[in-house]
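Next come two complexes built around chain A: one with chain B, the other with chain C.
Up next, the complex of A and B:
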């Protein structure tokens, strides 16, 4: 009975996402931005500074996946809209009369969003890497590091979507959640360039969600990273899941 | 309707509110409210704006948590219902639709939340006459279409209990008539229906029972027929072209006279036969002497006079002539 109820809730949330045109536009934008920026970054690369074309130190996998830095913002919007629009239109009350279990509603939204974003993420990463292979004079090797960077980038997109969902659940407002989310993602890294203290620069790069999360894209010179690839992704996951728990607790306790 | 899951189960079809209290900041929205909605009746839930109707309904639906007291559906709190749409249908705010989602898709996700067959979506859309419009996006709907879609959503699980918050608000006369007929029909199937309104006249000919509240407290919990009888009193209504003469004469003989309009009076304290005799003897012209039947609106005004938050000088008081 309980698992059937959960499946029904997931089906309902999936239908809600699927029946809004904005969902599909945002997913298309995620794929297009990732691919286009990756292609642009790959074509801007020159081999003149390299000792030999094969001995170049440029992390071409990371370069090809540059677009994730921008397309994650689209995922943030998708996540924030999925519940923010319900507060905006008042349909949250219809949702909660049909599905009174609030944790179940939030978990279903998170699951439906994760499914859609990871599908779009696979397409985005494949097209970015595919285009880079066509453009780059020496295509990056297909190895474990490349798979980690590719799979990790998909996870970054999923986690940022969940971050958007968490913030909008907490704030009950789409625009507020997007503003706060963009601040967390982009302003904190900018601060790390502004502060003078190298200690603080290092700390911000380790603990700010975007630089930490994107360290999963590194395939070369790992020793030079402020935080290891998986540890970095863990930091981003901690933000997303932590805020989801905070948002969910507020959602559970508040009047709708 | 082919689908009658719960409507036949009359024992479960009730809404019980027991000593409910809810405070928002410094305002006590609901203050010790108790009432029961019985199966097979349309219960009007009436009170001025801000009286606590919507708060009560949200509490019954488990959206707001009460500070104390209980709200039960068929004896159970809302969050204990495993399949709420099959037990309660609710329309809280007809405007609550995503503008870019099609009406049909709005019902689809609701049906999916309970594993209901898509056939039910078609059935309720047909019942409210929205088959065609449901293929369009909800952003382009008129208020009437939104109300109809909201009622379709409430009927989706064929529930034995219905809660409708101001379903008539903003509808054209045809829409009002449609809702009245539908509610009477649904009640005749044995459902318990709670319909809120801030205008008593909207419930005329629809409600069997009334729960009247003001400032979060119960003012009256009564059958409509009893309320009308009480409000009509033993008043006699008559038309006369010589209003002043008639008023003086009848007041002198012990009647309490009130002016309804330019040539209509109501008289309390004198039987109709005596009025005819007095006016005839004094050659005061008159016509249409009969028992006065109060409208629901008049009865309501009398009940809520003390409870409305901002009272202007009531016109009926100013017109009263008592000697």
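Up next, the complex of A and C:
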């Protein structure tokens, strides 16, 4: 019985997401922006930067996946809209009347979003890497590090979507969630570069979600990273899941 | 027979008819803003966050006392070390020499701004006033004085033809000349430089600035020092004037410490035919490598900007969401006037708040920086009412208000807060993050063409064209000059405003 209920909740959330045109626009944008920016970044690798493949210091896999830095903003918007729009229009009250189990509602939203984002993420990462292979004169080797970067990038997109969902649940407002989310994602890394203190730079690189999460994309020079690839992804996951639990608790305790 | 016609008086409002003046419209929009308590709160939070983060950024920045710095006549920090073959000159006089060659002495390549030429310098003290004419490998003949001034002369290729140089002192004026044959002379410039009265030092000089080759990748940036030593050859040296010394003396101005890593004392040799060969290192130029204490005081602006974007967006998108926009357009059918009033109100509010926040933030951050070891003369005291501090404070406030206008205009076009906020933040902030990681040419291109270029207005360091400098985004360098950078954002805001004006007239509300 319980399983049937969860499936029904998931089905309801899936229908809500599926029938919104904005969802598909955002998913298409995720794929297109990741691929386009990856291609642009790969073609920026001129002979002026890299005279010969052996003298090249660039991490070509990471370069090809640069687009994730842009498309994660789209994923954040997708996550925030999935519940923020319900608060904005009042649908949340209908939803909660139909499905009083609030944790179940949130979990099914998260599941439906993860499903869609990971599908879009697979397409996005594959097309970015595929384009880079076509553009780069010496394509990066297909090895474990590359699979880690590719799989990790998909996970980054999923986790950022969940971050958007949890912030919007917590704030009950789309604009606030997006502003705060973009602040956490983008502004903190900028600050980590401009602060003139190596200690603080290192700390911010380690503990801010975006630089830590994106360290999964590194395939070269791993010793130079502020935080290891998987540990970095763990930091981002901790932010996303932690905020989801906080948001869920607030969701459970507050009136809609 | 005609039926009596009954005339019905149409309804007329009892109110006195007035045109909706722009002043009233402004007042209406201002009322819409200040009566929303959440927006006032966001505005206050924006100001506080800007100040607090600037303060945190400043307290995180420290400096250890480096080697003593040399300060030029204009009060700026300069490099002043070179090989000098000189004698004294009292009163008027002329020195002429021919530069016949310039080559690398370290085996790492010749820097583009390696200098060989003649100089008149008020004393042998580092940082003292000077006027020089010189030949360079990549930038032709130049006349430079007092570190920050530079005039281009004819282009020359020393490998093909030697270059004649002449400096003439007459009264308080110094005139530089260049020639290819020693007969037809081109005047490069005439300057009166303060502090050059009485006896001065004149002679041949050679300076070879260290030029850095950048290796940059996602893992980090490393700079590899290129050449730091060069050899220049001169002949046909003639000197006219009164000198207390009988011959030429050699000095390494600003000689590096004997045990330093790059301590290569300069040499001067004279052949019987009158060829002077000088080997030396160093540079005579402004120092651009010290941290920028102006820029370090504005880190909160990055965060304050987010709130301004949100305010600018919501100021119009909430009207669309709640349907208030229809009431607004019913009351004032001229849509462009409404747009103009909205823009004026949001720009004024964000500018005032931004100015308050950046002025307070800057003053507090400067205090903190001073106590963290950023002291004069290496880091000159900055007055809020003088450039570059004034430019950075007002410029940051303008930046904040332009970003709000950009958000408002895009909000009119997109009529949706989520999309607008995300687009504007991505446009303004993401280029910065990408510029830290992408290859240098692309990174610099991004910081030229995206609204992120506007952050150049916070720069306090002047980048002189006569100094080779690798403009690295991660060290806070923006490729555009402060005002040009801000102009890029102005262009974006103006374009968005035009687009908004076009759509708001064409579409139904």
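Keep in mind that, in the parts below, the second predicted complex is superposed on the first by the 248 of 256 C-alpha atoms of A that agree within 3 Å, B and C clash if a C-alpha of one lies under 4 Å from a C-alpha of the other, contacts with A are read in each partner's own complex, and residues count from 1 in each chain.
In this text, contacts are C-beta pairs under 8 Å (C-beta built on N, C-alpha and C of every residue); 3 or more make two chains touch, one makes a residue touch a chain.
None of these values were measured; they are calculated from a predicted model.
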Contacts of A:84 with chain B and chain C, given as first, second, both or neither: second
Touch count on chain A, higher of chain B and chain C: C
First (chain B), second (chain C), both or neither touched by A:11: first
Which superposed partner A:69 touches (first chain B, second chain C, both, neither): second
Partner chain(s) touched by A:246 [first = chain B, second = chain C, both, neither]: neither
Touching partner for A:21 - first (chain B), second (chain C), both, neither: first
First (chain B), second (chain C), both or neither touched by A:122: neither
Contact residues common to both interfaces of chain A (with chain B and with chain C): none
Interfacial residue positions of chain B with respect to chain A in the complex: 58, 61-65, 78-79, 81-82, 84-85, 88, 90, 92-93, 95-102, 105, 108-110, 112-115, 153
Of all residues in chain A, those that touch chain C in their complex: 41, 44-46, 48-49, 57-59, 62-63, 66, 69-70, 73-74, 76-77, 80-81, 84, 88, 174-176, 178-179, 182-183, 186-187, 189-191, 193-197, 199-200, 210, 218, 220-221, 224-225
Residue ranges of chain A touching chain B (in the complex, touch as defined): 1, 4-5, 8-9, 11-16, 19-22, 85-86, 89-91, 93-94, 96-101, 255-256
Interfacial residue positions of chain C with respect to chain A in the complex: 53, 57, 60-63, 215-220, 291, 295-296, 299, 302-303, 305-307, 309-310, 313-314, 317, 321, 417-419, 421-422, 425-426, 429-430, 432-434, 436-442, 474, 476
